[in-house]
Structures are given as C-alpha cells and as structure tokens.
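The following pair of complexes shares a single chain, subunit A, combined with subunit B in the former and subunit C in the latter.
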Partner chain A sequence: MGARYFDYMATNPMRPEVLEAMMPFFRERYGNPLSLYELGQNAKGALEEARSKVAQLVGAKPQEMIFTSSGAEANNFAIKGLAGAHAKKGRHIIVSKMEHHSILNPARALEKEGFAVTFLPVDKNGLVDPAVLEKAITNETSLVSVIHASPEVGTIEPIKELAAIARKNGALFHTDAVASAGYLPLDVEALGVDAMSISAHEFYGPKGAAALYLKGGTRILPLIYGGIQESGRRAGTENIPAIVGMGKAAELTKAELPERARRLAQMRDRLISGVLEKIENVYLTGHPAQRLPGLASFCVAFIEGEAMLLMLAAKGIYAASGSACSSKALKASPVLLSMGVSAQLAQGSIVFSLGVENTGEDIEYALGEFPAAVKRLREISPYAGGWGKVKETDQCIPKN
Partner chain B sequence: MYSEKLMDHFTNPRNVGEIPQADGVGEEGNPTCGDVMKITIKVENGRITDAKFRTFGCGAAIAVSSMVTEMVKGKTLEEAMSITKEAVADALGGLPPQKMHCSNLGADALRLAIEDYKKKGTAK
Partner chain C sequence: MNLKFVEGIKADVTADIVYMMCPMHLLKLEEMMKTLEGGQVLQIMTDYDGALTDIPEWCEKTGNEFLGIEEEPDFYKFFVRKKGR
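This part shows the complex of A and B:
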C-alpha cells in the first residue's frame, strides 16, 4: 500500500494531462519565443495560449498576467516591485500577520531600506478585521497585501472589503492566492484587487511556473532586469514547458473547480468532526466555516507536532505541522501565535490538506490511525494529565 | 533525516514511565520552546538500577530520552554523571545539527535527577 498524501498545501502531484501537454516542449517545440523563425513563433504561440488560460482562471485579461518561476517570486515581485514603483505616493506598506514568508520577508527587507511597514493583527480565527485596516491605512500607504486564504489554518480573508478600503485611500492591493487557486473561485474584478499571486504546483501543474496578475496600467519595478520578456517586467527566457503545463492545469481547474471544492469540503468536514469527536483536548485552528475546502488544521494539546508527523508517516500518512521542532528555523508558526494560540499548544500543530486524489477511504484510515498516534505520544508525554505548572502566557526563553 | 537507530528508539521507546517513589527526579526543558524531559531514577548501593522517562517533544527528543535511560542502567553515579550529550547522540547514530542543542536534553535531565538524589541523601 502506498502512502496517503494529506499535504496538498506543500505541493501537488501533476495531473497526467498536464504532463502530456508539456512533453512536446522539451524536445520538438523547444524554440525561444523571441526567435523570428517558425520554431520560435511556435513557442510564442504556446506561451500566449497558456497566458490566456491562466488569465481565465482568475478572470483577468491575458496581458495582465506576468509569468514568474514560483509563488515566492510573484510575492516578492508584488511587494518590492509595487512599493518601489509607487514610493512617490508614500513609503508605507501594510501586510497582515497571516502572510507567507515570501510576503513577510520582502516587507522586512523594505523596512531596512527605510519603508514603514505595518503588520496587521488578526483575531482568534485568523481574520483580518477591515476596521483594523481602516485605522492603519494613511495617505502615505502605497500598498496593502493580505493573503487570500491561509495554507496553515484555512481561513479565507474578506479580500473584497479590504481591497475596497485600499482603493478608497488610493493604495494598491495585492493578495497572495497561492493556497486558494486550485480550491476557490477567483475573480480579480469581483475582488477589486490590483495584483494577485498564483502558483501552478498548487493546482496540479508543474513546479517552476507561477504568475502575478497585475491590473492593466499598473506600474511595477522588475525584480529581474534584462531582456524584453513579459513586456520588460520579468527578464529571462520563459520556462515554456512549465508555463504550458500551468496553462493546462488552469484550464482543468477552471472546469473542475466546483465539483472539486464540493468533494473536498465534504471530506474535510468528515475529518474535522471525526478528529474532534475521537480525540480529547484537540482544537480546530482557523475559521470554523470560512475556510479552504480541503483544509483540516488542529492543535493537539500535550504533544509535539514533529513527533506526530513521524508517527503518522510510519503508518503511511503524510501531513504537515507548524511546530517549532518541525521547522528548519526551530520557531513555532507565527500565524498560530498571531491568532493567540499559546506557545506550548502551537507545538501540537498538525495540518491535513486534502486534494483530488484523496478518497473517503483515506479519511477513514486517517481517523483510525491519528487518534492512536496521539494516544501513544500522550502515554510518553509528562503532560498527559494537563499542562500543570505551564501557564497559557509562558513564552519560549532559550537557555543560552 | 534521522538514523535507523534513532527511529527505532522513537517508535519503540524503552523505559517510558515514572518510577514510583523514585530516588531522584530530573526535569529539563520548556514546552513553549518545544522539548521537555522528565527522568526518574532508582539508586541502590551507589548504582542506578532503574531509569524511566516522560518526554514532550519531537522524534529526536523522545529517542534521546529512551537512549539515555538505557545507557545509564547499571552505572555508578560517577559514571552516569559523565555521560555527555555527544555520547547520547553518537549512540543514536548521530543527530541532525539543528537538533543537537534543543532536543538533546537527556544527559541534562539525568544529571538533574542524580543531583536531586544526592540532595535528598544529605537531607536524610
């Protein structure tokens, strides 16, 4: 029996149709879109066809999509490129505390360059309150960026309301929709955003292709200077096979999304209710209703996330955790901490993200094995009966 | 990421539990940072005859606790005090570098248990 994959927010397996669409572009149709002869123009045609399909997924015009190499690049591009190009309006930007590192870290880099950055707090469900943005925004604010939905806790942010506040104040609005693109309908017009990041490998496309939607007429500074590719906004010979794959994946997603989301939400709800019923002292993280269709995230008290992941992996279950020990930086998830989850409870973070290849039987299997793994680790834990002297408000103070 | 030996001690940890009326108790770590180890020991004629642990933490932390309780049985207090973090890590076939500091608390918890035993002895 193979492993059962519950980590679709880490990456997805490519759909076979996507691989098939990509294959001719490695050996036969390998031309450079800038070349004038037929081989080049053939690649140019494929590039523009893919651009059109990707644009349709988010309700944009083809010329508003800029291809990048990753979601992280698209996010860096949006933050640095927009803040840089619109510094005349002001040198203040706003991002939320729910953001991915690829938003937070370029924002911190701008801080070092003299920009003022506001990190918007969130409530216990991970929601950014539009009233809080209203208070934080000033005449100097050039850019606001809030994640569309969190891959860690699933919460879907009120982007339409937040974007309207930015517009009213003359600031641009970007949303990181990398975790949403395969699972929620996205429409840049309806949301009223100026920029949006999406990444192919989060919707059954290949790694190495992603895109930034940028509303027509919006100025941006390139991250990568060079040739005239992507209308001079992103230099470098295009990764045609991956971009073609992204186009195919976008086309499939657009067609299948309502049914995908319905199925995933059903499996998610079964998993959430099963876990809450079978395990004591376990807490759902993120918004209980306004959440990604495939995302079931929890904090399990008295045990640690990495140990849970190893225990589950031994049973062929692949999941994720935001615990300090499971991160390379050895820091607990800032998203959980910003939602007010205590540091010791955040150690028990576990995230199951479901995708198209999961079945109801996978969910039942996980519901059999997960409570057993928790029970086993609690037998080992000194806190099995409660946190004892550890207080809710205790913080991690390393010894040396 | 982890050696086969370490995974064996994680999946089948030895000496889980707490010795009732233990001669020495040692606890090290902080759950807000990630790992906590509690070791209890039984001492007879200057030798550690039994050791048990409870651990809150990652796979490495659990394996370290299991290994240190195995290593210490039958040792004199002096020998036990000289067990180093490096020796525990080596016995597990090595630890990933980022785990050497935070998850490798077994030797420290053991030392605290021995000091606790000695303190109780002087009090008697």
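This part shows the complex of A and C:
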C-alpha cells in the first residue's frame, strides 16, 4: 500500500513539468550568468525569465525579486537586513507570536545586539488584532513582520490592515508568505507590503530556491557578502536549475491556483467536519473560516501528537504535529500556547496539510483510520478518563 | 585625484545603491548614464568607500564631468554630469 501524504506544509513533491524545465541546466546549459560569453548569457536569460515568472506570482516587478536558497534565508534576510539598514529610524521591530522560527530567531538575535523586539500576542484563533499593533508601534519602529498564513493552524492574518498601520507610522512591513504561496492569491501591491518571503518547494518547485520580494527603492543590508549577484544584495553563484524550477512552478501555480484552492478547501472541510463528528474531545485549531485551503489542524485531548503520527504512519498516513520543525523537538508548540491552548492539550496537536495529489478517497481513508488510532491510544493513555488532577482552568478548551 | 566637496547640486536622476556590493557602483553608473541626456546630472548614493576613487576615475576615462561629492553620515552622494549637450 502506498503512503498517503498529508504533510504538504513540510514540503511538496515537484511537478514533472518543473523537473523537465530544470534538466537542461545541470549538463548542457550550465553557464554562470556573470560570464560574458554565450553559455553564461544563456543562463542569465533563464535566470531573468524565472525572475519574471516568480514576480508575476506575487504581482511584483521582476527587479523586485531577490532569489535566496530557502524560505528561512529570505526571512532572515528580511529581518536582519531591513532592521540593519533602517536602524537610523529606530532600533525597535515588531513580530507576531505566530511566526516561524526563521523570523523569531533572527528577531531574538537582534535583541542580543541591542534592538528592542515586541512579540505581538494573538487571539484564540491565532489572529493578530490590528488594534494591538497600533498600540505596540512607536516612532522608533523600523520594521513589522507578520506571517501571511500559519502552516500550523492555517489562520490567515489581516495583512492589508496591519501593513497600513506600519506604513502610517513610517515602518517597513514584511510578511512571511511561505505557507500561503501556492494556496492563496498573493499581490504585494494590494497587500501594501514592502517585503515578502516565498519558497519554491511549498508550491511544487524544488528545494534550494526561494525569494524575497523587496519593494523597489528599499535599502537592505546583505546577509551574504561577495559579488554582484542579485543586484549586489545577495552574493553567491545562482542555483540556476532550482531557480528555473521555481519559475516553472510559479507559472503553473499562477494558472492553476483558483481551481487548486477550490478543491483543497472542499477536501479540507470534509476532513474537518468528519474528524469533529467522529472523535470526541477534539478541537479545531486556528480560525474556523479564515484559514488556508488544505489545512486541517486539531488538538486531540488526552493523547500525544507523536504517538498519533506513529500510529498513522503505520497505516500509511503521513501527517505532522505542531509545525514541521517543532515536531521533532517534542516541545509544546509556541504557536498553540500563544493562542491560549493549554500545554497538555497542545501535546495532542495534529496537522493534516493537503495538496494537489490528494483525492477524496484519501480523505475518507484518513477519516476511517484516524478515529481508530485515537481510540486505541486513549485506551492506553493515563489520561483516558480525563486530565485527572489538572486544574479545571488549565483544561482543554482554548482560553481567550 | 582631487575630491571636491559640493553642496546643493540638483540632480536630474538619482540612483540609490546604498548597501549594494562592489562593483555595483560602476555598473549602475554606466547603466544610468545611458539613460541621461547630455548635460543632465546623475546622483549616485553609495556607502562603498572604493567609489571615492572609482567614480572620479571613471568620469575621467569616459569624458563625463565629475561634479563632486556630498557626505551624509552613512553614505556619499556622487554627482556626475553627462558629457555633451
């Protein structure tokens, strides 16, 4: 029996068209875009064509896209590069508590360098309240970064409103759209953002290519010093095969997005309603409506995420607990805790993220196996009869 | 090379390449100059110290007029007038 993949937020398989587009750039068209002879200029042409396709996916101008090696690099670049280049305005930045580690950790690193960092709280659905940003922002704030949509609970943040507050206060606004590229339409102009991170392997492109959109005329300190690649802002010989693949994936995504999103939302809704119906003491995490198509996330009371994952994997179901990177750390997810989920309940986090290769039949299969796995685990759980001596106030219903 | 410090020059076109790596200052200079008409003034903003010798030298080599620099706390403004009218 082949495995059924429900972990598209961890990574995606590449589309065959993407691989096909990449292939000539490993052997025949291997030139360095900085070389002046034809082989190099040929690679340069491919690089710029990909840049243009990736720019179109987010509604930007080609020269506003800076290629990086990963979403994490794009996020680090945005936080350190923008805070560094605009420190004269002030040494205060704001990020939300919903952020990925590749935003939170560079923000903490800046804190050690003497920057003040505000971590914006969220409500029980994971939403950042624009009124809270309004209170936190000061004349000293140079940068605000809020994730576009959470890969862990699916909540879509009110980026347009938040970015407008930043602009009004003369601060730059960055959004991490790694989890939403491929699922939601992205338009940097309409959102009013100055910077946005996206990553190819989250929309059926290859690993090793990602991009930072940076609004024309915005200064940024490089993370990687060296040559004049990417207009002198990100040194290093470009990963042309991966970038070409990213361009192809962006082109396919742009064309197929509305249909993809419609199908995924349908399957997501079936999965959510099925799980809530078939399993007792299970809670949907994240916003009930304002959420990524394809993302169904839950907390299952009295058992642990890791155990569920192992049980499901044995049945050929690949899912995640917490965000892709915290699932191995066996820590309660900071995102869930920030939403007011109790530490016990957060242990029972499970995330199904759907993608184009999933079918309705996969969903029905999961709806058959998942409740059975929960039942078996609860039979052996020390908390089977409830949380026991755990105080009523610490219980499973997300507080707010 | 004699560096001239100037004040209050009005540029027709400005290129901000602060924090961009060397030799972007020369590439950008060349690229922007192509878009200017003879007699127009280009302002280049850069934090790269090497530009202090490179840009006046480039002007001498190409026959464009180097008008001078203005110093800001964390970058320089270079002013170049395109040759011809």
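Just so it is clear, the second predicted complex is superposed on the first by the 383 of 400 C-alpha atoms of A that agree within 3 Å, B and C clash if a C-alpha of one lies under 4 Å from a C-alpha of the other, contacts with A are read in each partner's own complex, and residues count from 1 in each chain.
Quick note on the criterion: a residue touches a chain if its C-beta (ideal position, glycine included) is under 8 Å from a C-beta of that chain, and two chains touch if they have at least 3 such contacts.
Because the structure is predicted, anything quoted here is derived from the model rather than measured.
When both complexes are overlaid on chain A, the residue A:222 reaches subunit C alone and has no touch with subunit B.
By the touch criterion defined above, A:85 lies against subunit C but remains apart from subunit B after alignment on the C-alpha atoms of chain A. When the two structures are aligned on the shared chain, A:276 is found in touch with neither subunit B nor subunit C. When the two structures are aligned on the shared chain, A:233 is found in touch with subunit C, with no touch to subunit B. Of the two partner chains placed around the shared chain by superposition, subunit B is the only one that A:304 touches, whereas subunit C remains out of contact. Looking at the shared chain after the overlay, A:343 reaches subunit B, while subunit C stays out of its contact range. Looking at the superposed arrangement, the partner reaching more residues of subunit A, out of subunit B and subunit C, is B. In the superposition on chain A, contact is made by A:387 with subunit B only, not with subunit C.
Of the two partner chains, neither subunit B nor subunit C is touched by A:184. Interface of subunit A with subunit C (complex): residues 85, 88, 217, 219-222, 225-228, 231-233, 235.
Chain contact summary for the complex, subunit B toward subunit A: residues 2, 7, 10-11, 13, 16, 27, 30-36, 38, 54-62, 98-99, 102-103.
Interface of subunit C with subunit A (complex): residues 16-24, 27, 73-74. Within the complex formed with subunit B, the subunit A residues making contact are 302-304, 306-307, 310-311, 314, 323-326, 328, 330, 332, 342-344, 347, 379-384, 387, 390, 394-398.
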